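First up is the structure itself, then whatever we jot down about it.
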Amino acid sequence: MSDSSLLIVLSTLSTGLIMGAIFSLVAAGVTIVYGCVWLPNASNGQFFLLAALVVWTFTLSFGWSSLAASLAVIVLGVLLAVVLELVLIRRLYNAPNRNVAYFVVTLGLTQILSGIFSLTYAKWSDQFSVPPVIEGITMLGPFPISNNRLLAMVVSLGVLGLLFALLRYHPYGRALRAVFQNREAAALRGVNVRAIYRLSFVLGSTIIFLGGILFAFAYSFDLSVAWTMSITAFAIMIVGGPGSVLGALVVGMTFGFTQAIVSIFASPTVAMFSYLGAMLIMLLFQPNGLFKR
Amino acid sequence: MKLLEVSGLSKSFGGVAALANVVGHSIEGETLGMIGPNGSGKTTFVNVVSGHVRADRGTLTFAGVNIARMRPHQLAEVGLCRTYQAVRVFSELSTRQNIENARLLLEDRGLGAAEVRELTEWLRLDRNLDKQAGSLTLFEQRRLELLMRLVLKPRLIMLDEPVGGLAVTEVNEMITLLQELKARCSLFVIEHTMRVIRELADRVMVLIAGEKVADGPPSEILQNQRVIDEYLGNAAHA
Amino acid sequence: MTSHSQYGIAAATLVILALPFLLAGNRFLGFVLGMTLISLLWATGMNLLSGFVGLMPLMFAGIAGIAGYAMVYFTRTAGWSFWLAMPVASLLAAIIGVALGLPALRLKGFYFTLCSLVIQSVLTLAFIFFPKFTNGDTGINEIAPPDWFGGTALTGVRFDFALAVAAVAGILFSTWLTQTHLGKKFVAVREDDVLAESIGIDVVRTRITAFFIVSLYAGIGGCFYSAYVGFISPRAFDVLVSLNIWLFVTFGGRGTLLGPIIGTAILAPIPFLLQDLQAFKDILSGTLIILVTLLMPGGIYGAWLKLLSRKRGREVQTTQVREQGV
């Protein structure tokens, strides 16, 4: 194979892996919250963007180190999730048509956040990039990958692995899965369903924030990532199966590679079309997705 | 003449057989009953016959018409309808509006205003016409359910646990009402309390674990050894 | 129909028809009125689907866009009169709307909402990425206003009045619809589709018919929008527009005859009157969406009726809280 084709293959491979890992992470966050609380978070893209933007502010405006910024954003993210749960989310735990109500409420939240962003960040810059956490590049054959991006991928996959282990082995994780499957049965077995709701909302949201942080370190971005991420995450969730972290991983990686491959030939919007198409087909024929929860 | 006829009716969910080769029929003018413990497949049977679920195998006809592939609204046109275990009315609309909705099927071919008024009075809903259906008592809602079915001029009404949730005096009243209802229309009563079946049914089908285990008049069923072993005996624990 | 609604509709009709003349001196207010009237037409249409437990048709704006772009194509490229292009474009949009919406209509609740969001996104992307028809993100400008008698064009106060007539026609049509058997079937299916089917209502056919009519409203509004504003772009017909119309309906009181009128009258003029504070539009809109969902599911009209009934006692509440109707 010629050098240039090899480069293209390696570039596609690495982009696919890195993007896929981040997609999977965010989708896992979205799917946990939906699977457990029946909360489809339409504002997940805005959460993602929020985390990325705040990291930018902390590193560029405040001059903090990337690590400090990340930790700060995680902490703030958890706080935000807790406040949201208190003020907004818990009111609808027993509403009829809960999932539609949540979808609508999060659409409202999306509008609010998007409005805030246009009043603030949109005025400050068109494009945002964050200084790297670690410098340098690694050579994959003839192809250089920034260590920063590698780090993003490794952390994403690592967190996904931890999440998996949590759901399978830790008591909290098992309680979560019990509520996923049947909340009445879980309640009868002594699970504190409301606490699980709280936990899964905070956990899921924090994972989304983490995705945003990692993305900020890997790529430069603009405000439109919020919308594209939202659609991608929902598409992954629906195709992978609502509530299934494994589904989020498999489908997320697939979409990551799709994006990488498509970007060679056409604009990323074509990839977007394909995600929408996949989501549509799934909704119509197999709404439970490919993997069980 | 035979109204409902099923033969070889089978349905499985994920490998578990909810119905296995059920055979049976109902005759016009006769009240058919069906009993069985929880999980015996009664609900599945009703759902299959009323068009909510499609059977895997078997034939299903009503007055000679093949209804196996029909949706519930088509069944209503053929004269077969059902009520629900958990009572279902349009709770946000008024009683009057609920009745009007039921009259939409037959339009001009349906009952005249005088007949509807007579039915409404017989079912003692004439004082509640403007009340929101959701604010009626459970018994009143069950009566409204019956009224909405009668307006369809059905040949057979399947009643899924018609006394569920009612107080003891209301159960007595309901049984009396249903006995009077027999004059207007054939009934198929699905219940798990023997008392209701004994007082209403002319003939009973017993369903246990998806299979029809017995079929005959209530007196005969009560003597059937297998029924006693597998169901009535269990009823003591239920 | 209750006497409330009758008086309300009559009053609304008179006010709507009078407003273009009352505001004749001020073109800015006239424009705000015109935009509000188009929104009112849209809201009246969407209300047909958004009943008590109803569906949230987020693809509404996309369908309006199909009609809007088609109308421009017919008038510019084919040289048709607006008055021929508008019905044809609207019909086309309605047919496409049903075709696109059909598979989604089988789905319940959130899945329907998500599906219609996906369809809307596909439509918006199609508007952007097929520049041959739509000129992409740049949009199409200098769209001519509708032709009128004597070679003149329909502009200014006369156009505002034409919109007022269209809005009133839309309201009266939907009011009439609620009295028909079809209208009652719409309500029954929205309320409890399983029960509706049990009592003999063909749910699928009812949904398709409802969707067709709603899409007509979307399309007609879309054509008027193109001709009135004179400029269209994919942004004019994106999901935010659908969401806003839904907000007008829900805030006013969905499932009622007066709700959409109240909601649109209060909310639609705001983004225009808040000119300098445009950016707050999103925040306000989002906050209202959350408030309406959490605190006021019955909308303003619903809240007012509850208040009335509490003063007069329970019996009154029931017929007036929920009208058998749109």
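Letters are used for the chains, namely A, B and C, taken in the order the chains are written, and counting of residues starts over at 1 for each.
By our rule, a residue touches a chain if its C-beta (ideal position, glycine included) is under 8 Å from a C-beta of that chain, and two chains touch if they have at least 3 such contacts.
Owing to the predicted nature of the structure, the values given are computational and were not obtained by experimental measurement.
Common neighbours of subunit A and subunit B under the contact rule above are C. Comparing the centres of all chains, each the average of its CA atoms, the largest separation from subunit B belongs to A.
Here the chain at the heart of the structure, going by C-alpha means, is C.
Chain centres here are Cα means. That of subunit A falls 49 Å from that of subunit B.
Taking each chain's centre as the mean of its C-alpha atoms, subunit B lies 42 Å from subunit C. Between the CA-based centres of subunit A and subunit C the separation comes to 34 Å, rounded to the whole angstrom.
Shared interface positions of subunit B, i.e. residues touching 2 or more other chains, are not present. Looking at the complex, you find that subunit A touches subunit C at residues 40, 88, 91-92, 96-97, 99-101, 103-105, 107-116, 118-119, 231, 234, 238, 269, 272-273, 276-277, 279-280, 283-284, 287. Across the complex, subunit C meets subunit A through its residues 53, 56, 103-104, 106-107, 109-111, 113-115, 118-119, 121-122, 125, 128-129, 240, 243, 279-290, 293-294. Taken in their complex, subunit C has these residues touching subunit B: 52, 181, 184-185, 187-188, 191-192, 194-203, 314-315, 317-319, 321-322, 324. Note for the complex: subunit B touches subunit C at residues 50, 52, 71-73, 76-77, 81-82, 84, 88-90, 92-94, 97, 100-102, 104-107, 130-132, 135, 148-149, 152.
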